[in-house]
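Across the two complexes that follow, subunit A remains constant while its partner is subunit B and subsequently subunit C.
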Partner chain A sequence: MARAARVYRRPGRLTLLLGILVGWLVLYAVLKGTDTISLAPSDVTSLHTRLNDLNTSVGDNRNSNPFFLYFINEIQVGATHFITFLQNLLSQPSGTRPVPVVGWLGVVVIMTVIAGRFGNWRVAVLAAAGFLFLGLQGLWQPSMDTLALTIAAVVICVLIGIPLGVLVAQYRGFERVITPVLDLMQTMPTFVYLLPLTLLFLIGPATGVIAMVIYAMPPVIRLTAHGLQAVSTETVEAGRSLGSTRPQQLAKIMLPMARRTIIIGVNQTIMAALSMVTIAALVAAPGLGQTVLQALESQDVGTAFNAGLAIVVLAVVLDRVTTAASERARATDHARTRLRADPRWRRGADLVALIVTAVAVYLSYTYQLFAAFPDHLAIGGTRLGLDLGTHIESWTSSATSWAQRDLGSITGPIKNGVTYHALNPLQNLLDSSPWWLTFIAIVATAFVLGGRWAALIAATCLGLVVGTGLWQDSMDTLAATLIATVVVVVLGVMFGVWMGRNARADWGIRPFLDALQVMPAFVYLVPFVALFGATRFTGIVAAVLYAAPVAIKIVADGIRGVPAETVEAAGSSGCSTWQVITKVQLPMSVRSLALATNQGLIYVLAMVVVAGLVGGGALGFDVVAGFSQSSLFGKGLAAGAAIVLLGIALDRVTQSAARRAGGHVSHRAT
Partner chain B sequence: MSVRTGSARGRLLAAVVAVTGLALAACGGAKVGGGGGGGGGGSTASAVAAGSSGSTTTTKCGTVTLADNPWIGYEADVAVVSYVLRTDLHCNVQIKHLTEQVSWQGFSTGQVDAILENWGHQDLAKQYISNNHVAVDLGSDGLTGVIGWFVPPWMVQKYPDITNWKNLNKYASLFKTSESGGKGQLLDGDPSYVTNDAALVKNLHLNYKVVQGGSETALIQSFRAAQQNKKPLLAYFYSPQWFLNEVHLVKVNLPKYTPGCDAVAAKVACDYPAYHLNKVVAASFAKSGSPAFTLIKNWKWSNQQQNTVSKMLAVDKLSDDAAAKKWISSNKSVVDGWLKGT
Partner chain C sequence: MTAHVDQGDPTAVSKPDVSAENTRPTVSPGRRDPDVADISVRGLWKVFGTARTATRVPTTPELAAMSRSELRDRTGCLAAVCDLDFDVAPGEVFVVMGLSGSGKSTLVRCLTRLIEPTAGTITIQGEDITRMGDRALRELRRNKVSMVFQHFGLLPHRRVIENVAFGLEIRGMSRAERMRRATEVIELVGLDGYQQSYPEQLSGGMQQRVGLARALAGDPGVMLFDEPFSALDPLIRRDMQQEVIRLHREVGKTMVFITHDLSEALKLGDRILIMRDGRTVQVGTGPELVGAPADDYVRDFVREVPRSQVLTLEWIMREAVPADDMSGRELAPDVVVRDAVRAVLESTAPVKVVRDGRLLGVVGDPEILRVVAGS
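Let's turn to the complex of A and B:
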């Protein structure tokens, strides 16, 4: 029955969509070029001018206005002090010393001891090897700057996030208020909040850390709340019957029991913070992000890759250590008695670790050799080179120049083919139709796909986009986003089906997907700029690579979720493999497909705007220009708002569509 | 219950390990200046303190923060100045990679002590020097700057009248690319550079579209490829720039610059002015009495000298320090002039 209903409804929806497209094309042919709300790159609207004036007046009154004097500036100064303190400790010359307080040996040993004490010996070895590798890459100092920023951001996230998580767990009303805020914090392209943050906090490491905090805080809040809510009511009841007060329960029972989930939240917060370091470099935050950004400027693929690799190493070490710590927390929950068996042995080990750490820190504090990572060692007469970075850089560079030289004949035509036959036509349709026509067409599409609410949200967001004065730029960004998303979904289905059906393929491909996801987005841009020049196509390719792993993983999970009996039944009833995929597995994981599309869109949008740095144009460029040209500040701010509005519209429409698709799945399942 | 306290104690101990490690380091702060650092340094281990002890000028100069803007000429400025600051005056030099306008903002936050090569920016000068008094103009750095639209030399041979802006529309179709939407492409560099290009295209009614290349490197690579393969290219470029010695780009003449013709950014319809590049420093730095300030005040060099160092960096791929060292070794008298009074 349900299947019949689906077969009946789907053509209906498709016909409607086709109808919208045909109507749009016909009207476009007649009306193109009229009512386009175009705005030349050098022009600004009165809204943008007002925002410029706001910028100037904030600049003039920063040190007299009480709001800034007693609130904003306090935050800025406090954050700066905190970061400077960490930098003096780890990365920058401190006081009269030409080197930081703790040198490389101290940091390596401290990290190893922490990993061993809270995780296990395997992650301790990984931590030691990983941090030594950073030194061998010749990137010790920028890596430590990045570590200092990350520590600062994570500490602030934990200090604010765990109490908020407790509140969320305790008060339903608070949860309802904060959930949409957290959603927005996570879906908004991170690129967007840099400009408003510089208005308040100016450029510098403080702003970088605040941006990292905004992006990285949601996981720790969510998982703290989740962990507390998962504590069984019986446990809480038991505590209450023993007469403990609410704060006592929280501190003595609930928080310890939720410890493992909270550590997972911290883990995700660390990962999110690290993924922001390149973006934070745009507001002059120090560290590896700076190295990547400068490599982008000089189109130096080797340097960018080396620095990107260092970020991956940091991410892997911090991820594995915190994961091991959360597993350890679970293990101790399950088997406290076992641990108790040998407390004396443990205490002895801790004491040894303490002494070793103290000695290492002292050595690294005192001796140049252990303070600044050496690029070679001279033992007797032999010179031992410790410089791996130069090799990594030259390998990558020669690989790229090979690609540039020998693939040049392919890359040009691919770029031109996609640009002339897909991107330009779609962009023209979106931005050269009268704005009201595009508006109606998009809202109608949203209605067909997602229903009344989706249409209403789309209409509201697009209406506000018109208000930003950047309609054409928004439509150009939308065109690039849509093209990239189509490719992402196609890749998601292809690889997702393969991985979902074949465990060995999954095992082989997944590590690459993980690596692609950890590598900071900017690093992708560099080789593609080398291959395709500073064009919109470069942005699309980078966006595809950035978004595809997520989509592939979601589809693979969906395919794997189809009950094996169903697949076997279809196979035994004579369906070919192709039929099993198209008639059984894909339709039954339609919800995953919709979710993959949704996530793909969000990721693609985030990357397409970053590509404004390398010829992507449109809204992304408006934001970049806003950073660096004060006369375009207001326009950049408005472009940021337009990006957020586009993001909300795309997210809500695809989520509604996914929910509808999900409804079918659950209907059929029952 | 006792189990829990046992494991808590263990954790406490571990925390102590880490904290003691850090505290030990922090407490030791008094030692560094004290000299030498105890313990016999082996032949491979030299004491940290030795790096900073010795000359008293270390404390006198302190830390200087230089803004480094994203073009090679500026990097050459920073390479040479920071080398002299570090080796002759024993300053701690921090280099901040920032865009032009953001560097100015750094004066008010204490993030930036000096900009070595400022291109105009009268609005910022008004805001930060005249109104907020956080920055001071230190006068010319000896460089003269030119900004304009350039074409590769082969185009001038083939289309001699292309250097007159009035003929640009005639040739617009030559410059079409996948990015220019059916118009001619005018390639721009880093979005932070001083530019009126978008306004110029509009106000001179040119059938062109400004396309962002994103960086100086993108411009140089495009020009090099255009000259090699005889491909048309019209792009934003500037002098001083070592690349002009490699490929003799030709400037397109825009309507003549007259004072004030560029007063309103969106209304500009004239060429860029000749820029007398200058140095700007933070007011606090100017008052500090640091020898670094005296050096930056004295520092001055020519387009030719800058190009020499730029080429070492960009073409010979020397590191900043190696290039600075090489240039200084053959220009000792110039550097001695800069060091006067420090």
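Let's turn to the complex of A and C:
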């Protein structure tokens, strides 16, 4: 048999895929509209009702069940107290006072002093300017709410994450256990676990912070462990040879030497937490996220833009300050500043900073002017308006209406072209075919691409999706995801090859990619809602922008990883540039291409779901509806499960396909 | 003990009696009395692999006799150190020499159990360290044995003086006291003026001086050196070797010195242990290795060594015959050949090799020329 198989050449993978597609199309033409599983937005299945009942029974029993009474409720109450404490400090009226304990002047000075003390004077100026800008935007209070939530989440992450990182670094077994958990925490669309969390922790800021913690904790764990493991073994040995105990080794050698990496971990954790504030707003977490969300829902682009800008400003300030702090933690820098920073001089500067801070905090505690950010200044008889925010809002609104009116001739055809010629046909094929036909076609495709295991996983996941009762919505989400991923991969290859071959292009483009990655997910949506309205297409564009930087970077690194000598050899044998790219560089970076596709899919899925909020419909909408209407809670929960199932299927199939293509895809490395 | 190291002293020829004070035994034994030895190693094994198989290797004669590659094929274990025995006398510089992979770095780490030995006993200053608990072992490392590392192992976030004082800090010494002691040691290794620098501001040689100072700070009886100078460039390396010789003369510690460089071994070592694939090939003084290599492996090693600088007269003398002119000068048996060349060639009569007034043999022109000509 084996010999026979060798004689008859098996048909190529591409032929097989084409065959599947043609067969599917033919059957679709005949069977269209039969055996579909559709569900109107307000309809529910019996599964959804049962989940609703679960929700009700949890709600009824949460004060009698010991698991809730002594564990879940404790966490919920603890987190709520912590957040309330920070809010009283920074943002909300505290006790009998109409204003928080520390007013805007105090916060600005504290942030500036911290930035200067642990970073440098440049980031201190940036921090001062950034925070004053938040006030000028008219968003002081929501900004401080967001800051309070972020601080709460980051403090919890650091308190739990650093000890866990230490454990990971010390015990191999623990590392093996925790790595898949961290992978899951980072790859699961954040959107999905909000609803189950509300089941446990109710709707409110506590759930918001817990969701932020889940998403933001992995970087600090990973980087703490990485930093500790990277400490040279000889230095640790030197410590041991001098007779140090294990705690001494940790405290005096390993942690100080890993300090810089740990701070980078904290930086990434802060960024991740901040990127969750808008999503946390879905469960009534206060702050800028609320502002953005409400504005998006009412299509008020001006307000959404203003608040989105505030999130970006906050992100930039916190990112720069912590980056500067990590740079400073490097021993070299330590050495360089040695002569400048005489210890006595330094202590003097610290003392001055402390006094200035104390005075500022006192002023902001005592005087209304320094407590609540004023919207105007009256100096003598002149009135100086400080409400930059309303200007930003009106500028944006007029820019939006201009864009909608005058750019419609450009954006309209693009939107319609993609919608009518790609999205609609694919969506129809997926959701108007009999469900079993789509099911078979997808599983067959998974088999051709990834082999038996991939097909089995795809079949299992799709089977469970059928069970959620949300087949049609799932297929609509899948269609949007696939189209966005194709665009992401095309962009990834184009820009990746360019950047990989050209150092100057890399130098010019990379900062933009970094900026796109730092920006919180929802903020992307704002300008595209302005341009394209609340449509599925907007979701696709936002998803592309969210996922493309990752894909581009991975491809660029892969192209750069091709040995220069191989490229030279190809050139010296007369290859044209095009031939070098297509015959040498791309085939040799097939692993990176596969990884880029895989990561692109995961990122796109996460964002396509978020876009459900602004007209993307499908699963994302189901989840959001679950927050707002208790009768749809069960459906939202099922939609979340469907998203996870789609994610697992897409991830496994692309990973197997990548392995077959000769590369192993590992999960996102921070 | 370091007479043969003081090369380049032209007066040595005219003052043979200085060397004659040395009473080095004709052939130094591989073992000395363990009661006197500072370090005594018996049957030491380190086998890397799964704990169950690894511990079986030393006790199973069949496995213990296998070569390294055979053992790896058979059990998957790597025998880094196989059945080593040696003693180091107080104040001796004992060099362990071997190529990379010979197990020498593992050996030196086993001595203070930075790597846990698989079998065997190690006695340091009368204490069996293989039986020690964690606490006793820490005390040993804090007070009795210190180590200098190849890549220095300094703490980049601490200043030089804090690095040097690190071991004292670990012991719990007060800040003032440890700073005072660290300053002393920094002066001793010639780093005065760099107390407040950070390690990365120093050159490699100076960084290793910091490592040396850190090891000296606790005033240990035994110092271990793990290829301390192989990361340095040749000129700096020579300076550092001189530094170790000087320190040894001033502080008189027992030293175990690991190196892959034969000339370094010959320069520093009172005795040298040559290791290959985890086993001892030969233990002896420099002249013994050069004059009487135990096998082809050692012979190959010492081939390039300038013999006239290493061999002493006792290694090239012949027995006196009645026909010899006995009017020549007298020299001690451990005078290095190079230092005796002029004395032999200038006189017509052969030089008499004499210890304690007893004639051991004679050295004439042919014997000298054979060594000098490198045959």
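Just so it is clear, the second predicted complex is superposed on the first by the 509 of 670 C-alpha atoms of A that agree within 3 Å, B and C clash if a C-alpha of one lies under 4 Å from a C-alpha of the other, contacts with A are read in each partner's own complex, and residues count from 1 in each chain.
The rule is simple: a contact is a pair of C-beta atoms (placed from the backbone, for glycine too) under 8 Å apart; a residue touches a chain by one contact, two chains touch by 3 or more.
Nothing here was measured: the structure is a model prediction, and the numbers come from that model.
Of the two partner chains placed by the overlay, neither subunit B nor subunit C lies in contact with A:50.
Legend: residue contacts after superposition of the two complexes on their common chain; A:421 is shown touching neither subunit B nor subunit C. By the touch criterion stated above, A:361 is placed in contact with subunit B alone, subunit C being left untouched. After overlaying the two complexes on the shared chain, residue contacts for A:452 are found with neither subunit B nor subunit C. In the superposition on chain A, contact of A:244 is made with subunit C only, not with subunit B. By the touch criterion stated above, A:235 is placed in contact with subunit C alone, subunit B being left untouched. When the two complexes are overlaid on their common chain A, residue A:621 makes contact with subunit B while staying clear of subunit C. Contacts of A:383 after superposition on the shared chain: neither subunit B nor subunit C is touched. Between subunit B and subunit C, B contacts the larger number of subunit A residues.
Common to the subunit B and subunit C contact sets on subunit A are residues 256, 332. Interface residues of subunit C, counted against subunit A in their complex, comprise 109, 112, 114, 137-143, 145-147, 149-157, 166-167, 169-171, 196-198, 200-201, 211, 214, 218, 224. Every residue of subunit A that touches subunit C in the complex is listed here, in rising order: 232, 234-235, 237-245, 248, 252-253, 256-257, 259, 331-332, 334-335, 338. Interface residues of subunit A, counted against subunit B in their complex, comprise 40-44, 56, 59-60, 62, 89, 92-93, 95-99, 101-103, 106, 109-110, 113-114, 117-118, 202-204, 256, 284, 290, 293-294, 296-299, 332, 336-337, 339-340, 343, 346-347, 350-351, 353-354, 357-358, 360-362, 365-371, 377-379, 415-416, 419-420, 424, 529, 533-537, 613-615, 617, 621, 624-625, 627-631. Contact residues of subunit B toward subunit A in the complex are 3-4, 6-7, 10, 13-14, 16-18, 20-22, 24-26, 28-29, 31-33, 37-39, 41, 44-52, 58-59, 63, 70, 92, 94, 96-102, 105-106, 108-109, 111, 123-124, 127, 131-132, 178-179, 181, 190-192, 196, 198-199, 202, 210-218, 221-222, 265-266.
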